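One chain, chain A, appears in both complexes that follow, with chain B as partner in the first and chain C in the second.
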Partner chain A sequence: MQRMSANGSVTSLQLGSVAGAEKPDVHLLPCEIEHDGPAEVTRYFTAALKDRKHEKSVSFRGRGLKGQEVSCPHGYTGLVLRENHKPTSDQEDRTVRVSSVFHRFTYWNLDTPPTSDDGVVMAMAWPEIAEAIHGLVDD
Partner chain B sequence: MTTKKKRSSNTQNDRWVAIAADSAVEASKVGDSGPVFVRLRNPATDAASLYLFGSGDSQLYEVKAFNEDCHSWFVGQTVQRDGRLLYFTPMDPLFLLLPYLMKAGKEGKFQPVQQVVMDEDYPACTRLLSCSQTQASLHHVAEEKEVGSQKFHRYSQEKTMEWLKKKVDKTVRALKTSNISVGGGVKSMTYIRAKQESDAREEDYLRYAHGLISDYISDDLSRELLKALGLPEISSPKELEPPSKKRKMSDRPVEAGEDYTKFNSADFARKPPKKMTAAQKSLAKVDKSGMKTMSAFFSPKVKTEKN
Partner chain C sequence: MDLSDFEANNSVSCRLSSAIPDVCKTEDCCLGIDEAGRGPVLGPMVYGICYCPVSKKDDLKDLKVADSKTLTEAERENLFHKLDEAKSFVGWALQILSPNTISNSMLQRAKYNLNALSHDAAIGLVQYALDCGVQLKEVFVDTVGPAEKYQEKLSQRFPGVEVTVRPKADSLFPIVSAASICAKVARDHAVKSWRFVEDLGDVDTDYGSGYPNDPKTKSWLLKYLDPVFGYPQFVRFSWSTAQSLLDSKAVPVYWDDDEEDGEKAAARMNCASMLSYFSRGKAQSSAREPHRFFTERRLQSLDTL
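And now, the complex of A and B:
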């Protein structure tokens, strides 16, 4: 092989102990936060969260957010994957590991109440559709 | 707070949020290597896309990114800027094998698949042959011959069309039981439900399913499949002309009601799947991470970002 293509490298997924992994609260926010890393989520977000019957609401940076909890589709698990060592070239094999696990998460809309039309809710139907597209067909 | 700046940090991420099939993350058997992400030739784009092999390479998974603009995650006491949600769902390896089989099929002879499925640009493609679904379903797209203990295959377009049509059928059924609005990307669910009984529905489902399947096959096969499904192509300029013009050209009498509904249904069905497929393809090409994005299909309120 003369030219090593970047497509030859693989990325291993280290499962570690999926069952024993940390299970953090997970929120999907309707804004981009230009930060990666630690934040006092409990103190400044979760503490202000109101959880009424079918609707969650919270004030975040002066904006009213309305949220809803969604569960991972049946047979699926939420994973947070993490890469500890960044590769120095695109030909290097890489490793990502499961750093935490979740089974449900809360997504938040800006102002509008959550509905079944929301993209995230629709996305939860993907495994079902994918099974139809990719499952074995009868002879 | 809603910055419009494009995420440039995506490619340097060190953390991802994903939803994975349990089978992909079950503890591997002793001796198996764990799951691995590899790049393989995407049959629809011919470019590299990311896929996942389950432990022991027996199961292939597609890696899709559900992506809406301006989103970020809170995970525990941390912020993750990249608001994408990845999906690892089981994938039929035949879709990825098909281009290799078709290429070899041009020689017209029966060959062992091991000889056919080789790609110096994508060396991991040989792993596809270890998938249990490959062995169980090669006969759907190829004629099979057994000599001694060795199997030989030859691509069959006819069989492949039958196989793809069955996939479309299954997908239509799944779409019907799901809550996905197939009619138009911007129509609300209530609108769709009210329309449930109308004639337009069946063709909408067919076209939508065809659009979904077309994400896994070449343009040529996609066109052939459209024909095989009895759906007229809708991209030609002639078809896009309003019915009044067409009627004039075909010199038929103008009847008020009849063609009007037809036009509606065609128009209704025409735009969304076509547009989405194209959008999805271009996104798949642009995304440097090699993950296919699915936002176009699953977020009815997503605006076409053309401005």
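And now, the complex of A and C:
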């Protein structure tokens, strides 16, 4: 159980479910979809995805996307969190649980293939940099 | 007509062609260009060329090719069969632009409109004939846009070839009628035997003509609308019919190149709108702005969910 607090309320994260959590494919799209819930990903997206010559491509809403697989930083696990009861005020304590875990995800760009200069790809190097900056220095 | 090359990957554009008749490499030839399926919201748009020696124009006329739109599907099939039988002097080539290609092109960041797409398909096919050694002297083109500008563009692109762009060329020049028959037969086959890349099970193929004003097409579009993904790739997302159905019945999707204004956009973009200066909200924390290293990587330190 992990906790964080803000505004006097406590948010608890139930990690007990990590081991048995589902490991679905995770896709990060270059757009904001105003929807939070189930979607026919396998039927419309995964089925139409082309993976040729190291280039992944697919379309979403008619727009062409190019993708690349990105791994989570070494030693890290991606978590998808779910909150069963939305709090009614910011004073209320909250509980979120792990609904699924991932170790890699597919990062998609509009029109052009992702490169190592893209923010999301570069972000994955941060834990290693942080370790180098903040870690103990051997004499 | 064998469409298996296109059917193997109907997400992209595909070229199909007949063998080049030997006589077309030695004698002066004429070539016709026409398109099929420009208007429909469903299925591919097909560009077709047909060519033969100038000396064989009358033989082509004897095949009684006519504007494909005035013919029934069976008549078109029959005429395509006749063109195939005349393969000793008639050749053809097609560029099938998949609906996904059309959507992707028209909706890409640097918009690529249907006219430019059409012109490039036509130019690509003429260049293909030249590359194959066809001795082109005359080109006849059917057009929906302004004929003069298009004629000038093609004449400049292909010096030494006499280009005639004319509205309704498909009913004036038999070689254009022949091209229109090839294109229309391919479009008919592609639509009829469309293999959906999406995993939709048995799809109702009663989609009518594919034209936006066809009631069957309209009800098909309503039936196959998914609130998140919108439509299968068979639908041209860039058509206003598809767009307005999605606007009213699917969940909103925002892209970084959307043209939107007003307070909602400002709120979404996480910047202050003008109006926010009139109402004083919670005091912003005076903490330091994070370093560019973190903003560029969209890394934020998290203390609440």
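Basically, the second predicted complex is superposed on the first by the 125 of 139 C-alpha atoms of A that agree within 3 Å, B and C clash if a C-alpha of one lies under 4 Å from a C-alpha of the other, contacts with A are read in each partner's own complex, and residues count from 1 in each chain.
By definition in this document, a contact is a pair of C-beta atoms (placed from the backbone, for glycine too) under 8 Å apart; a residue touches a chain by one contact, two chains touch by 3 or more.
Note that the coordinates shown come from a computational prediction; the quantities given were computed from them, not determined experimentally.
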Chain A residues touched by each partner, larger count belonging to chain B or chain C: B
Touching partner for A:V70 - first (chain B), second (chain C), both, neither: neither
Touched partner set for A:P24, first chain B, second chain C, both or neither: first
First, second, both or neither for A:L136, with chain B first and chain C second: first
Partner chain in contact with A:A47 - chain B first, chain C second, else both or neither: second
Partner chain in contact with A:V98 - chain B first, chain C second, else both or neither: first
Which of chain B and chain C A:E32 touches, first, second, both or neither: both
First (chain B), second (chain C), both or neither touched by A:M122: both
Contacts of A:V10 with chain B and chain C, given as first, second, both or neither: first
Where chain A meets both chain C and chain B, residue numbers: 6-7, 11, 30-35, 39-40, 42, 45, 61, 63, 81, 83, 96, 110, 119-120, 122-123, 126
Chain B residues touching chain A - in the complex, by the definition given at the top: 1-3, 5, 7, 9, 12-23, 25, 27-28, 33-40, 48, 52, 62, 64, 66, 68, 70-83, 85, 87, 89-92, 95, 120-124, 133, 136-137, 140, 163, 166-167, 170-171, 173-175, 177-180, 188-189, 212-213, 216, 294-295, 298-302
Touching residues on chain C, where the partner in the complex is chain A: 9, 11, 100, 103-104, 107-109, 197-200, 226-233, 235-238, 242, 246, 251-257, 268, 296-299, 302-305
Residues of chain A touching chain B in the complex: 1, 5-15, 18, 22, 24-42, 45, 61, 63, 72-73, 75-84, 86, 96, 98-100, 110, 115-120, 122-123, 125-139
Parts of chain A lying in touch with chain C, wherever the complex brings them together: 4, 6-7, 11, 30-35, 39-40, 42-45, 47-48, 50, 59-64, 81, 83, 94, 96, 110-111, 119-120, 122-123, 126
